[in-house]
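Listed after this line are the structures, all set down as structure tokens.
Note that subunit A is present in both complexes that follow, paired respectively with subunit B and with subunit C.
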Partner chain A sequence: MSLKFSLSRWQLFAWVIGVVLVTPLCFLLFESLQGDSDVFSHLWDTVLWDYVRNTLLLILGVCIVSSAIALPLGWITAYCDFPGRKQFEWALMLPLAMPTYIIAYVYTDLFDYAGPIQVALRDWFGWQSPSDYWFFDIRTLPGAIIMIALVLYPYLYLIFKTALREQSFKLVQASQIMGLSPFKSFYRVSMPLARGAIVAGLALISMETMADFATVNYFAVSTLTTAVYDTWLGYYSLTAAAKISGIMLLMLFLALMLERFSRREQAVYERQSGVNSETLYSLKGFYAWLASLFCCAVLFFAFILPVAVLLNYAFAYADQAWNDAFFLYAWQSFKVAAIVCVITIVLSLLVVFYQRIAKQQYPLIPGRLASTGYALPGTVLAIAVLLPLTMFDDRLNIWLEPFGFSPGLLLSGTLFAIIFAYVVRFYAIAHGAVEASFMRISPSLDMASQSMGKSQGQTLTKVHIPLLRRGILTAGLLVFIECMKELPAALLLRPFNFETLATHVFQYVSDEQLELASISALSIVLVGLVPLYLVNRSMEQRS
Partner chain B sequence: MSSLVLENLSYQYNGTSVIEHLNLTVAKDEIVCLLGASGCGKTTTLKAIAGIIEAKQGKVFIDSKLVSDEQSFLAPEHRNIGMMFQDYALFPHLTVADNIAFGLTNMTKAQKKERVTEMLELVHLLGCAARYPHQLSGGQQQRVAIARALAYKPSLLLLDEPFSNIDTQVRFELIADIRRIIKNQQVSAVFVTHSKEEAFAFSDSLAVMHEGKIAQQGSPEQLFSVPNSKVVAEFLGQGIYLDAKAVTATEYSTCFGQVKSLQAHNHKSDEGQLYIRPHHLVLSAVSESDSHPVTILSQRFIGSSNVFKVALCGQEIEVAAELSQSFNINEQVTIKIKPHTVNFFAD
Partner chain C sequence: MKKTLAVLIGLTVAAPALADDAVNIYSFRQPFLIQPILDDFTKQTGIETNVVFAKKGLIERVKREGKHSRADLVLTSNFSDLVQLDELNLTQAINSETVNENVPAKFRDNEGQWIALTKRVRNVYSSKDRMGPLADLSYEDLALPKYKGKLCTRSGKHPYNLGLVASMIAHHGEAQTKQWLEGVKANLARKPQGNDRAQVKAVKEGLCDLALGNSYYFGKMIQDPAQKTWADAVNINFPNQGDRGSHINVSGVVMTKYAKNPENALKLIEFMTDNKAQNMYASVNMEYPVKPGVELSSLVASWGNFTEDSLPLDEISKYHPLALKLIDEVKFDL
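Let's look at the complex of A and B:
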């Protein structure tokens, strides 16, 4: 009898967690399907379709530019040997640590009328004023496309390279023996086999592009993300913001389906082959240098140059950038990230443990529900979280009014909102990492523990948690880093006078004074490097 | 004209020598098997022939055309070679028909279709043209692989352990099948394996490889009965060594007594060892003049016969006996060596 009781207790925990974490999404869906709102119908009649068009153009452009960068890079690093290949292989992922708004700021600064490039050109050719020559404007849609692609291409690069590595080299060798040149064999064998991976990579890039807020806002390119932000902060219309979010959800859903479908197709092709550790072609002379040069150029523009500029700022403005504000914001970011970290880990442990012991049907559903928040762009998530929280606050105030209490915005106006939003968004990361390490624990250990008279709770604390230590640490670290980097949700949800490092940096980017926040910006980049290191290490262990 | 000639081929990988001064000739329409333990360099040799790796020392001729030496190297796509891989390497994104048509160039669509149909007929897979590789059984995949490798009429077919993924029950049927197909298409082939049974069943000529060199090449029967070295003798079948001294050209004295050979040998030294294989030995309950008493140590039933372990001159050997013969453990029986051409390895 006691077994039955305890099982239902774990079940209760898991389902409550799942339902609570999926609540914001449900509110958002419900709200976006509600009747008309004035603000929304006004947008619909005027600029909404421009936003949709801009968003689609942005996604399309980023996909094209990222492909142009990532596909050749993936091919040469997976198949060819050339000077520096091993180093480039991991270094080419570094740009992932770079927030787009930082790179956008750095390039705006460089290519500005008063920036070093135009100044040098004017000196060189003796031009006097802007009317003497034409120079491209980076703060446009094409500019935003290039900035975002420079930072997001590593997703496609990584997935494509892995897919090529996991294809049997024998297939390529077979095609060559049957008379195909390396390029033809790439086109006829490797590319079709990696098609699923390419589509999956592009779907990921599309989702990230759709979620980008800072770059398009800084470049004044109006997309759906900026529309959500402006609608809420400009018109205070949650309903209209929810409706715009609904459009984004639809696009997101399509991208997600595409990704899932492509991965399934990819899985069929990768069934029997292991990972190749050697390369197929060894490049010599001109081609070897060309390959190295291409890798160098991408790395330089996407990572080295921006970091160098930030370092330069940090040294030049050291006395202004090393200030109390930096330490205060760093501490506030740290505090929020640490709390979220602990909460997500505890919740994911409970849910994953339930999955393991559940004897009821559908044990995976609570975890799936709880993980849905990860796909939501930060702005959409913020709106989704605000909907239930403001409703709760309103009701609470109305209810307590007769008693003379007025708690104010108890949930929506405090740190609770930001923490809840982060938990909803990053739960999936913790869940994934904890689940993966749980799978490595043999089920016979559970039986052994129970046969020796331990309850399920004791099994969890005495057997599982000690064995999961590494997995929990990794999960915690990843959640922590994501919290430190997250910008749009923080911008919309932070309480009055509360800044994180990311919002602080973004504020200064918007005010054209990144120099003064360069230390904070460098910290964000540095923190972003940690997961890359972890991913790289686990990939090396695999091969 | 030889289909393949390897002259003094050498290859080093990370400083260690994998192939050393290897010489090999494959005559037209001949199937040559490279047999050796794993790590002996046989697969590397195959890759060097195909051009998947660049052997920097020595020469490779395919159909009398030099394809690789110190100065020149012909890329694999220009060598006109067919290759069958251990895991078949069928393209998972192409149908059976498209896989077979993959290597066909300079042909009209109709010609390609005709050739594909012809190949499908040859490998008895006419009904499977539109299927994908993962919808086929292992044996069917293998036949697609051979059809694909032969479709464009290569000068030389290379087979890299193609039977190792096949169940033992059907393996020898398939070996006979693939051999029939290769003979039907009149193509020369080099076949790599570590299994002597496969090598015996498949090849016209057998080359035993050891430490990057060809230890001996000849017909399977010749290598089995007259191995030129202990390595070849041991690789092709179990046995024991008896210390022996050549008394005459056909007589040897051992701890077992006098052993006679059917054929005379010339030896560089009188001292050496005789290699005795189990099938040269006969167990019997009755004692004869040339037999020797032994004790049965253990017994094992293997279906077609019983195998008894006995100790001979201090070494244990398992000898098969007819099912009608039954001995008990610890029973004293006699053993004698059947007259055969002995393998004597002088010191």
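Let's look at the complex of A and C:
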């Protein structure tokens, strides 16, 4: 009896979370049913297929390039010893703190026809005009793919590396004894074992890519996100915009379902609960240098170079770029990020725990529902959040009117709106990281806990959470940094005079004057480094 | 735990303390462009102002907030937003002798639902070395085969270009405008990208010889030491001086339907249309003031007088969706 009760309690938690977080999306989809299909059929006849193709190519490209960067990096830092490994292991996460639109801006400035590199080449070789030579064009689809992958690969790297670290060495050692080369062992043992983690990482990357507008817009690549904004702001049709958002979500949903179906009968659990701190291979000579060089190159292009350019601007424009209110902006950013961080982690723990213990059908649905917000472009999400919140506020005012109360815009006019939007948007990240960690805990531990008379709540707090420590830290780190960087939702939903570092940067970036925003842009990176350092230290201490 | 929760909730829903008599503004224009004028207003009247700036979605926000919205004014950077606010019935009439005296009738709505504050011209820049000044150029000429591979522009879907295309439809009709757009696309030196400044930079570097761009960017580039060399490489031309005149766009303001503070909001609008603020728009932002007789910045004045297209803005604005449709049909940005 008591089991039944408690089960339904967890079920209630999970479903309430799922339903609340999917509410904005439902309002938006409801909006899409309000008729007027003219705009949509016009798009269908003209540019929609170009957009769909660009979107798919972009996502595919970003997934391939970030895998090519993140998987080898994750494997060598988890299993191999080479010069600088300890430092690289955390430094390779640094690009996370870099907003995509900033890296896009910096690289365009460098590699553009009018940028210093091409100008120098022209001076050097005496070329006169663009017809005299060939140089890759950065403002293209491939350019956008590389930019986005440089910033997003750390998701995959982090989740994959954590998975490898928690994997049992015994299997890899066994594969070695059976004569597999390190490469084959990586391909045939580590990769399949970490498949869930890889998919989780790539799913995050895909969703983030799909939602990106700033970068593709700057690179003049038209994607479905472009179509969403065109229809909404150009044709004044939120309906058609909502429809296109619906298509995007459907694509994503199908992809995730397909993946889940393809490994329906696999489950991988860890027998050991500890973490491997020693390494398997000790690289020497050429291979050691190759490994270090690879890490260096990624780090240089994804982080050091853009930061150097920003620093350069910051010094050159110091008097114009400095603003006395910086500390206030930084504090506002920090406050919002920290609150959202705590909320998403608690919610994702509840939902993933329910998935684990559920005996009912469809245990995955609440988590899937709650995760959909991540793929919506920021401004569209902001509108989607406004729909239910303003409706609630309106109702509330009507109800309270007879009592002489008029709370005004209690939810939509305050920080609540931003925080809610962030939770809707970034829940998926926390869920992905926590779920990946949870899947590796053997169910036998749950049984043991249960047989010792512990309740499910006690199992969660006493057994699972300590084992999930890394997953939780990873989730917290990712969500925090994302919140620091997030722009469109904060911009549109903020109360009067509320400025974060990101919104401050945007007023200049929107005018293509990054020079004047260089100091705030650097601060975003800097504040993002704090949790990175703390999380890394905390992970080190344990191992 | 409960305490923490209470603090969290308190932090999030604590309404920001705004002075009762302050004017609250939703602005599509960057704060650094309007803050000097707002500061001056506060200095003169003692009335505070509060701003939310965003590039997209503010109209939707006002609409959804309905009668509880705290915004008194919306500042826009182009006329299609002004007309859109009016059409969605989110505005109230601005009845003020001062405003009517300051702003010529063609730059405000008949009923005062919106007021334009500044004008900007859609200019064509030409390379000093390779083109020279083009006094007789028209927008129509940009589709001529002789300019093949010589033209640069930002995205066709940017409001400034949409406004231009809409004005072409208003003058020439849909079919002819589509043909024109195809011609312009065929003349592009590269896929539309970057902002208006980036086009001038591309001319300087020799990537193209002609570029579309708003007038004030030219002034701003001349003032910026790093960008002066770009501006120095081009001539600024005012198209269609031989016939209907150059296309102009406006920035402007509306008072929201449910403004909580209409008296002070009106004071701010009056202030913005008056000499002092109009002069600041001219000297700081290099825009053309709407109030006749306000002195231009000496730099802007040096570009000479010009004729502006006299077609009313709401005539042009109604072709906006059609303009976007044509741009999609010719795949201008792809």
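Here is the rule we use: the second predicted complex is superposed on the first by the 309 of 543 C-alpha atoms of A that agree within 3 Å, B and C clash if a C-alpha of one lies under 4 Å from a C-alpha of the other, contacts with A are read in each partner's own complex, and residues count from 1 in each chain.
Everything below uses one rule, namely that contacts are C-beta pairs under 8 Å (C-beta built on N, C-alpha and C of every residue); 3 or more make two chains touch, one makes a residue touch a chain.
Everything numeric here is computed off the predicted structure, so don't read it as measured data.
Looking at the shared chain after the overlay, A:L180 reaches subunit B, while subunit C stays out of its contact range. In the superposed model, A:P192 lies in contact with subunit B only, and not with subunit C. Of the two partner chains, subunit C is the only one touched by A:L233; subunit B is not.
Set against each other, subunit B and subunit C touch different numbers of residues in subunit A, with C touching more.
In the overlay built on the shared chain, the residue A:I339 is in contact with subunit C alone; subunit B does not reach it. By the document's definition of touching, neither partner reaches A:K359: not subunit B, not subunit C.
Legend: residue contacts after superposition of the two complexes on their common chain; A:L387 is shown touching subunit C, with no touch to subunit B. Of the two partner chains placed by superposition, only subunit B is touched by A:K170; subunit C is not. The residues of subunit C lying in touch with subunit A in their complex are 8, 11-16, 18, 24, 30-32, 50-58, 60-61, 64-66, 68-70, 84, 155, 157, 162, 191-195, 197-198, 201-202, 204-207, 226, 320-321, 324-325, 328-329, 331, 333-334.
Subunit A meets subunit B in the complex at residues 168, 170-171, 173-181, 189, 192-193, 268-269, 271-273. Here subunit A touches subunit C in the complex through residues 42-43, 46-47, 50, 113-114, 119, 128-130, 139, 217-220, 222, 229-230, 233-236, 238, 335, 339, 342, 379, 382-383, 386-387, 390, 393-394, 397, 408-416, 419, 488, 491-498, 503, 506-508, 510-512, 515, going by the rule given at the top. The touching residues of subunit B, when paired with subunit A in their complex, are 50-52, 75-83, 85, 87, 89, 91-93, 102-103, 105, 134, 148, 152.
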